[in-house]
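Shared between the two complexes below is chain A, which has chain B as its partner in the first and chain C in the second.
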Partner chain A sequence: MQDKAGSLISSKQLIFMIVGTQVATEIFALPRVVSAKAGEDAWIAVILGALVPFISLFLIERLGKRMPEMGFTQMTQALFGKIIGSFLVVIFVAYAIFFESIVVRILAEVARLYLLPKTPVAVIIFIFIFITIYIGTKGLRVIARLNELLFYIILLNLLLLILIPLGMADYTNILPVGEVGLDGLVRGALTTGFQYQGIEILLVFYTLVTKKNEVLKAGTTALAITTLLYAGVVLVCELVLGITSIQKLIWPALTLLKTPQIPVFERLEFIFLFFWMGMGVRPLLNMSFASSLSLSQLFKIDQKKYLPYFMILIGLGMYILALLPHDIFVTYKLADYAGYAFLVIGLGYPLLYHMMAFLRGKKVGESG
Partner chain B sequence: MKKITGKPPTDDQAWKEDKQKIPDTKLPAALTEKMQMLKPYLEKSHDIISRPFYLEGKPPLEAVSIYINKVIDDEDLNQHILRPLMLNCKRDSIKELGSKNLIDAIYQTSITLTKISKANTLPSLVQNIFDGMTVLMFDGLEEVLVIDMHGGEFRAIDTPPAEQTMRGSREGFIERLDINIALIRRRLRDPKLVVEKTMVGRRSRTQVAVLYIEDIADPQIVTEVKKRINEIDIDGISASGFIEQFIEDNPYSIFPQVYATERPDRMEPLLLEGRIGIIVDNTPLALAVPALFVQFIQASEDYYERTLFSSYIRLMRYAALIIAIFLPAMYIALLSYQPELLPYDLLINFSKSRMAVPFPVVIEAFVMEIIIQLVIEAGLRLPNQIAQTVGVVSGIILGQAAISAKIASPSVILVISLSIICTYALPSTSMVLAVRFLRLPMMFLAATFGVFGLSCGWIIIQAHLISLDSMGVPYFAPLAPIRFGDLKDAFYRTFFWKMNQRPMSIPMQDRKRQGNTGGGSNNSAG
Partner chain C sequence: MAKKWLLVFIIVVQLISLSGCWDYKDIDKLDFPAAGAYDLHQASKTADTNQEEEEQTVDLTTIIPNISENVKEPFRIETTSGLTIGNAREPKVYSDPGTYSPGVSGVIIFGEDLAASTGLKNVVESLSRAPQTPKTQEFTIAEGRGESILRVPIKDYPSMADYIEGLLRQSHQRGFIPDATLHEFKTNIAPGKNPIMPLLTIKGEKVEVAGAAIFKKGRMIGKANLNETPILMMLRGIKSTGNIPFIIKKDGKMFDKGSVDIKNSRKVKVERNGDDFTFQITIILEGSLAEHQTDKLFTKNEDLRKMIEDQIAADVTEDSKKFIKKMQEEYQVDCIDISKYALAKWRKELKDKVDEDFIGDVNIKVEVKMKLNNVGELT
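On to the complex of A and B.
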């Protein structure tokens, strides 16, 4: 009975895993990125931007319904044949590694800035990846439960981040509403759309969910939670800091923590940074697990036995990629590319698969 | 399921056959022959007493009783065996009942004890003697009578020293298995309460009882527990801790995965929640599986006092757990890495008190922590009077001297002793050990990476706890996987009349616990 529970997740856990993959580093830079395009209406743009992952969710869910029993790798190979299929899976894995290397680099940069100014960033990244591998080797069961627990802890943290500075809010900062016009809103929304990356893990996790008919509901809930958190953080940043100062900060959301003066604790950062590891480890874990699972399916070998090795391999890849950018600005340049890559993986892949499935007709479903 | 560790290599056949070294022969009829056969097993044991006597009649029937000194009840032997057999047993009247069943006739007419069985082979005879039975052998009869009248001196039922309560029962488990089982039976008169006894230990032949309520406990877990206990192949068990270490799922974890208690009134609710109790002879600590992490923070007092206070004190205990693990580490991290996170005045106070100390905070805290751990260890096994002296010397003199000698600052002593006090605020001794163990690694992480190190330590502990299982049941259960229904008895304790369901975290057959709907209405409006 344990083996069965060890390789499947409940639809509730899926919510936590999607939220966990999405809400990590993007949230700190989000106010700057969006308000550059959408000005005072950034928070509206964030809500509109959620359409992108919603479309992605819908496409992936339909795709999963077509072939519910097949994992990502099997599905790809069934649709596109051995060679092209394997190629597509490898691209997906490469994307995951690329995306996570940026996440881990930003996490490490924040940790260095706030906690360990003298430690080389390579060491901090190493610790992140070491812990990811340590937890990842314990299997999906632990990853899913950890996501579940961390969801509540991080949610509390983010609520703290949103609610405590509210006392210093100045509502005139978001006025006038609608100044940027439709054009600015759409551009802002598209920029935010990139920031919702993480939904694409559903490609891999769909088959692992026990109740397939609840996937759409769970995904919608997860996206709604993420959207609310994003919009909340952006709104509070605007209210407290104003968009002109937001533009001058790398991580406006973290600066938010410095503003309120709290007796005894002095600074809110301590609580927030104490849970930093929990914040960062979730997307790393989920993504590297998804890609190791896909790889082990690609090579058709025993998942339980070889998953740790793939985990280490992917961790190594992440480590090397994360060290490549010279500084944080290069990292954010790369993050933009990761955003475009998200469009390819999150929207392009499902569309492509749907088209292929349509062309192939019902044959695929029968053979699977 | 994990493999049970400590299994002997399977090719070790010689060791396995070792058990059958007593030749499996039937007993002869003549008493002298029987004594002759027994002689090699008994002659080297001077505590085994054989008492020959005659049953009245013509001719008198020769008999011998064999028993281990002080393992049986002397009074019973005299009053219920020797006296009736020697004085009242009329052989002629017995003979009327039929010479074939003479042995039945003897015990049915003349022995006034209840637990009697018969044996007719040499191995069972020898084993019965060493199991502490009284054996009666008669001349001319192949069968022997085996009478269970364990007795002798035992510790009386006493208050459990490690789990005292103000309002609960004062009874604690003692070393005798039968008494311990009776203590639970007295509290739980359910006919569905199952007590199954097995034997563990080739040489010690320790009795182990498995207790569960048949229509609550999950049968899969019951079978699993029994399987794990039966797989234990060891020469001797001297305490229930042996069983615990053989049946636990993750031997490489520092967290206890089997709940040990010395209170029968703690055991009873555990059984009612579908857990399985394991009581080992000669140990006053009973075990319960599956165990959950939150269980080690709950004390039986929580259920005896009223809800609001119990909830308050339980929340305090969680705070104590966090302080005990993280406070010294936090002190190190904040002082040596992130002083800007401390309030300014507090920081000045800390640095002032540290001014004369020549070591960095890390060394200071490490030294104090190790000293205090050693003081605890020194006080543990000493007799009470000396332990008190050690406590006074270490608590007052050592601390004061360390401060005056400028080896430690008052703040570090405060921090370390606070975390020690918080450690002992936890109700479970096995969890106390885990927490004591965790503090030093956390301090080490804080010393290397500051608050970031603390963050790492926290996530590693968290992931480790989540990955644990107890009998295949998630150990960190009401928290991850989160079960909101069970939180009512995790961080706080809700009213009894609201606990309609048994905890979901433990697999079981029958969820409904009680049918009261509203507490207030039960008392007032009715």
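On to the complex of A and C.
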């Protein structure tokens, strides 16, 4: 097992890392995006949408079982040969940079709109990426532990987001159930499916998990947590704000925190964002580490020594890409493309790998 | 060693940039309005101006507390004008050295003219759009101009802003006074819903609640007086607490009179037969006897408790029917928030027509259930 940057992670840590990569800034806009397609049944669409990452998880886990000792890069090169394999790895890295550049841009836009209106977005993005690179250089074990620590804070934060405004809920806002029809539900579920980006890091992390027989269970648990959090936020937004209001808000989940009247804690959104700004780097961290690891394996160089340089390189790519969109609307347009790209990487890659493994049969093991 | 320097560099970069290179503000130079009043500009109201609605200007009046200890006056009141509310903030830079921060204003008073003519939907756009504005700002309507309310001298409170905020914040918990926030206003202009707001008036030298303003979406279309407002709130299902009186007559003569402290809730059922919709509203009242004026003892008059309950139920039922008739014939708008129950069953079918004469054509039945939980310490 040469694919490890000095350490392994437990299946429990894998749960936190998957949740950490999935639950990012998408959750702020999720109620608007899903309800535009599924109307009052948006919360059901969110639950159905979890099928997409679950299929992805299942395919990746089976793939890992076929070649448990191979890292993502080795596996790709073993299946597709050096040239095509390297190309596929580079595409994965490019996707990770693209996806994370959108995450960091949205995070920076939220910070600018609510907290630092005059600070240039380039500075805010720089700080987020700088922190990401710094933590990334500390290695996988530190990243995994940080994910674990931040998981509990994010859980508390999101539970507050879900529970506090519940007193203002109007249950008629989500009725009648199922009126949007199968067509609307499927379209809503597909849209939500894109929001579960992050499960694809398992392509890289599978081989780094100590107990591989627990990967499916850990992945399912992580997906269940993400689904519950997503569905909870969407449901409460619907109950409190209603579909008409949600459609007029860029980030309904943040507006939700501006509605309750709580003595002393009058501006809940600032408290929430105070914590979220720290937690927002998790997806960047996990994805950029996965990309750096893949690149260092691709170039077959000393991971411990050169991984930080790859982190810097990937961080630079993210920084440049994150600055390209003119505004938040262009960023969300690009986020749609990132959603399609997730289907390619999260579903297309494992399917393609399975097909190739099936076609090549025993030869794969030999070349690996 | 290199890692240590990297860590130091990160901390320095963060300290320099996030602690306020760009967003640094001196708190002494900020103007925090405690309350704002939005009115139609005086000139826009005169008939001879021939102004189109979109050309009408608005007045923005604000109470701004003076933070500095060296200033004698605790606050100042300023009025500026502009094409829109956001635009009306602009002239402040010509007369006020402070930086205006509209996000902290706890109360917004809308002048009756503005609310009834252009409506408030577009006026509050600037409040909804600004990320620094909380959605908990209290909204209220002034009989006449909102500016006049803010300029009423007040002795017992630091400013009129404090007085009105105290009067309206969670007011339904103190009495039958509706409280409306920016959030409630925005969510109540959705299909099938309409907002209501507390109505303020100047009585003598005092500002008082005069009832409730009734809206059709963003535009004010009517007023409920202080007698109608409790019934409006009970029918609307706004959980409140308050005192209501009763007079029990027997054979044309007064048998007992008194008052009850009650809290209310409601249940709504809707059924349809083709295009005929029937709403069944059940108002549930619970409370305790505050007083009664005869010497009859509850221990010796077992029927007395039931007589009080029946009398209150009958009074509220009668008043509710009167209000519903007025709503269906005069307002022609669902101000009691029941259309949402029809939408909850037949949303796709009713979504586009629920705000067009729907409420005028439906059958609304009211049942009042009153329960006297206790009669106090006396028998």
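The rule is short, and it goes like this: the second predicted complex is superposed on the first by the 360 of 368 C-alpha atoms of A that agree within 3 Å, B and C clash if a C-alpha of one lies under 4 Å from a C-alpha of the other, contacts with A are read in each partner's own complex, and residues count from 1 in each chain.
Everything below uses one rule, namely that a contact is a pair of C-beta atoms (placed from the backbone, for glycine too) under 8 Å apart; a residue touches a chain by one contact, two chains touch by 3 or more.
Just so it is clear, the model here is predicted, and its values are computed rather than measured.
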After the superposition on A, what does A:T119 contact: first (chain B), second (chain C), both or neither?
both
Based on the superposed arrangement, let me know which partner A:I127 touches: chain B (first), chain C (second), both, or neither?
both
In the superposed arrangement, does A:T255 touch chain B (first), chain C (second), both or neither?
second
Between chain B and chain C, whom does A:E214 touch in the aligned arrangement: first, second, both, or neither?
neither
For A:L273, using the defined touch cut-off, is the partner it touches chain B, chain C, both, or neither? Pick first, second, both or neither.
first
Just checking: does A:L149 make contact with chain B only, chain C only, both, or neither of them? Give me first, second, both or neither.
first
Touching partner for A:V281 - first (chain B), second (chain C), both, neither:
first
Set intersection of chain A contacts, chain C complex versus chain B complex:
115-116, 119, 127, 131, 134, 266-267
Which residues of chain A touch chain B once you look at their complex with the stated criterion?
1-2, 10, 13, 111, 115-116, 119, 124, 127, 131, 134-135, 138, 141-142, 144-146, 148-150, 152, 263-267, 269-270, 273-278, 281
Within the complex, which stretch of chain C touches chain A?
3, 6-7, 10, 13-14, 17-18, 21-23, 128, 131-136, 169-170, 181, 183, 186-187, 189-191, 340-341, 343-348
Seen from chain A, its contact residues with chain C in the complex are 40, 113-120, 123, 126-127, 130-131, 134, 137, 168, 170-172, 175-176, 179, 240-245, 248, 255, 258-261, 266-267
List the residues on chain B that touch chain A in their complex, please.
1, 220, 334, 337-338, 340-344, 449-452, 454-456, 458-460, 462-463, 466-467, 469, 472, 474, 476, 479-482
